[in-house]
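Provided herewith is a single structure, encoded as structure tokens, for subsequent inquiry.
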Amino acid sequence: MTRDEIRSTLLGCLVAVAPEIDAEEIEDDADLREELDLDSMDVLRWVQGIHKALGVEIPEEDYGQIVSLEDAVSYVAARV
Amino acid sequence: MAEFVMPSLGADMSAGVLAKWRVALGDRVAKGDIIAEVETDKGLIEVEVFEAGVVESFLVQEGEKVPVGTVLAEIQTAPASAPAPVSAPVSAPGSIISAGASDLVLDGPLASPAVRRRAHELDVSLPSVRGTGEHGRITLDDLVGVGQRARSAPGARVRISPYARRVAMERGIDISRLSGSGPGGAIQASDVLSVTAHPASAAVSPAERMQRAIAAAMTRANDEIPHYYVEQSIDMANAIAWLRETNASVSVSERLVSGVLVLRAVALALRKHKSLNATWQGPEPVPSAEIHVGLAVSLRGGGLVAPALRNTDQGSLGELMVRMTDLVGRARAGTLRSSEMTSATITLTSLGERGVESVTPIIFPPQVAIVGCGATVERPWVVEGKVVPRPIMRVTLGADHRVSNGHQGSRFLTALDRLLQEPEKL
Amino acid sequence: MTSYRDAIRTALQTLLREDPRVFFMGEDVGRYGGPYAVSKGLLEEFGEDRVRDTPLCESTFVGAGIGAAIGGMRPIVEVMTVNFSLLALDQVVNNAAVMRHMSGGQFEVPIAVRMATGGGKQIAAQHSHSLENWYAHVPGIKVLAPATVQDAHDMLLAAVEDPDPVFIFEHQMLYGIEGPLDTESTPPSPWKAAIRRAGKDLSLIAYGGSVHKALTAADELEKEGLSAEVVDLRSLRPLDRETIIGSVSRTHRAVVIDEAWKTGSLASEVSAILAEEAFYELDAPVARVCTIEVPIPYAKHLEEAAIPQVDRIVEAARRSVVGG
Amino acid sequence: MTLDISRDHVLDLLRDMIRIRRLEEKSAELYAKQKIRGFLHLYIGEEAVGVGAMHALREDDNIVATYREHGQALVRGIPAGEIMAEMYGKSNGCSGGRGGSMHLFSAERRFYGGHAIVGGGLPIAVGLALADKMQGESRVTACFFGDGATDEGEFHESLNLAALWKLPVLFLCENNEYAMGTALHRHVSDQNIADNPPAYGVPADSVNGMDVVAVERAVHNEAELVRETGKPRFLELKTYRFRAHSMYDAELYRSKEEVEEHKKDDPIESLQRRALSDGLITEADIEQIEEDAAQEIADAVEFAEQGDWEPVEEIRRHTYARDLS
């Protein structure tokens, strides 16, 4: 899978969690929790979405490595 | 062989008594001959036979009462006259629904206004109920087993005109708090419209309408409800450790968040503090036998909803987590059911993740209490005489002083604290 | 300005002149000029064949009218008053109303029957009935109640032109009223109710003679700051549910005025329609103002107390709006 | 006395009487088997009135009859199948299944119905005659009714109005000696029914209703007089019904002997006897008529059995010209 494919999948999962946000406006390096006002529940639903879509399990300890969309894409790319 | 049957002798005749045979076995009979006499309400009627032949056998004795159509005798027909082919008696063309002609097309299940009102009160959708009355009509008993929101205690029924009730529902106004200017104190539309005191403006967007409804509810709650507040700082160390350990051993789909622990703890604590788990019905605060904790969910587009998680104290933590995830998702997607919006018996609002340390929340009418949780923050904490860092969460209870008091509130918070120290039991 | 009775005569003349199938019969409609002077001069203009004084045999001259209609004519039958029409009910209910149905659609009965109705003239119990509801109950016939001079004219034309039996009830107090009469423009459908006066606080629903009392009541309510809408039913079968429900959906309150006795009255039918089809529009129970359930008394003060009057309508309206 | 009519004429009259009787016998059988419901009034015994009258009237004359009208309807030309289907309540019945045995109608044959309200048809007949007169038609309106109807107000009102307005109505009173269960002498003050009409200026006569030839001649004469003068006339046809009033009648009001006595004047048998003795017809002719009748009746039952039930959705049709709901 290319980085772009991973990025669009991750974005898809994110929109599923917070349907009211606009996918285009999300900068790649922004802190998602801050920008999109995500709480721990939202993050968990996002992580569960990624697992269902790509089969990648992200343990709670690694939440720090998926703060921005860019980090998340790299993290997932290394494991898919 | 032809059959001689008990004839129908009148529109409303269903049976007849064979009074007398006018022929004997072996007699030859011609078409139209009188073969028997039948006793009816109007007296004895001579009955003719429609086939020529010889009387073969009598199947019914004199004096016996038999339904119309019963075979009375068998006639050995002479070969010549084959009777015209007549099919079995045709009953009326399908049972015509006995309803008046004008309402032949039944729209929705049959139910009387009283049943419909009861269903509305129990928040039951009629099509989902199997009616046991005539033509599938739904009766009051049919609703007994189905009540989703069992009324814990029969609240005083609100006398309100249908139009006023409709306006109140559209504007999210709780009718149990209104006083009526209509006959016998019944609530009229004017009573409802005067509450929001703003003109029925032109097109109002749903979000705007919701905001206005929240504003109205909050204003009234704040003005009318005498809140008291008590606060407790709770050591979350055990809870967090147990959570990390549990999550490490399960797949991501079964992972829990700390919020579900607090939610379950609040529910369990309420079991012994009924006065906080109640709602106003008309002039009376009515404790609820079931515990449905409303979860405050702020919507990104603005607006706040607190849908209820039914029977929050029941089922495994895993199940509660699934239900919670589903509820939050649907709240965000705006696909909550109306029942979920109105069935909460208390509300929990967690703003910790937004970084604030404590919350002083306003009660959601018609409830009588609300629990607010702040952020879980590392704090110096004295344990067995030594100061150690501990993750501390400040929890505030806001409650209606007309229904409970500070003492009861404090005991609830200490119970909540104790429950959170043994997360594995939640 | 034209009188209600002259408007009917004008319609009769037009019909008799323009359609050879039309003829007019009834008790004292010819030589006497009509019990309410409606047909004065018609016998002289159209002759004995087209304007027929009948013997006093209501069942048979109404039945003969039905037979003639089946036979290809367009009879207009006048039964002096609804009180005497009871003798002809068998022909109405068992022949006129069912002929099309029972014959499987082979025969129709294009007959128009007119009769006076209502009380208020101190002619006592046998001459003061309001029984429109008996006729409006029967599927197969249609029923009209002209409250205005224009309707008195237009409804007779519509009734004769209609292929089904149509019964027109003219309140006896209306024959003398005056009003504009336009015989040129095409009239509105008689099967629709009319908003005689717009209003927003409540709907006064009435027909025939009661419409004028409702309008007077609305004027008085105006002085008290209550805006009453007046709905004239015009057609009693079929009832114009759309207009009735539309009005109450705007005002959310209804008072129905009917000179019949309340039990089984058309007022009850309108109230039932509102309860069934406009329930969530009702801010107060539907009120009915009807004749007290006694035979109509002779003495003036008793008759006036029995029959709905403006004050009773205003009182009911006030109770409906202001509450208990 | 000998019949002064042709062979073909006798066969026509005999055939129609036998057709009626076989139709009525089959109706009784089908009623016992619950294929025909509600009320059923048989014409057995009165065939001579129906056949004689219908043969005497013109194709174009109006007919108004009562609930005992199967005979008149059949001879007037309504197919036996459509009559049977109507009694079944099927949509291919002559009234679309809407009327049943008591309400047979045919616009095409100017058969203005069976009427079940005693006397209810008389004003209709007066109206039809009024319409014909005003439209310059030379038609006669023949109105059948029983002796019971002469007690109704509408009978007296109709005679008076028809006479007053000189309307071409032929009043045909089938006096079968019983108004359901009330014998003639117990319901009329003057048993000679033909006495009443002259009081209203309506000439009246009486004829033996069991003699089809006499009935035909009398009805023909009366009808032509009505046609010529335009004025109403009245004919009493003395007849008798061999069966109960309807299917649910224990006949407590008359004795078996009385019925047997009248059966001696059976209109079919008496015509057969006279025609055979005059050599006008042969036994073979009668067998052929019986055979044809049996086939016609069997086909009629088949036609009714095959008929459809009208769909309930059509229930509002024919209440008004245009469905108003």
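For clarity, chains are labelled A, B, C and D in written order, and residue numbers in each chain start from 1.
One rule holds in what follows: a residue touches a chain if its C-beta (ideal position, glycine included) is under 8 Å from a C-beta of that chain, and two chains touch if they have at least 3 such contacts.
None of the values given here were measured: they were computed from a predicted structure.
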Chain whose Cα centroid lies nearest the overall Cα centroid: C
Length of the line joining the C-alpha centres of subunit C and subunit D, rounded to whole Å: 41
Whole-Å gap between the CA centroids of subunit A and subunit D: 94
Separation of mean Cα positions, subunit C and subunit A [Å, integer]: 76
Subunit B and subunit D: spacing of chain centres that average the CA atoms, whole Å: 65
Each pair of chains that touches, named by its two labels: A-B, B-C, B-D, C-D
Complex contact set, residues of subunit D against subunit C: 62, 93-99, 103, 105-107, 112-113, 115-117, 120, 122-132, 134-135, 153-154, 157-158, 160-161, 164-165, 317-321, 324
Residues of subunit D defined as touching subunit B within the complex: 25-26, 28-35, 37-39, 88, 244, 247-252, 297-298, 301-302, 305, 309, 312, 315-316, 325
Touch list for subunit A against partner subunit B, complex: 17-21, 36-37, 39-41, 44-45, 47-48, 51-52, 57-60
List of subunit B residues in touch with subunit C within their complex: 161-166, 181-184, 186, 188-189
Complex contact set, residues of subunit C against subunit B: 252, 279-284, 323-324
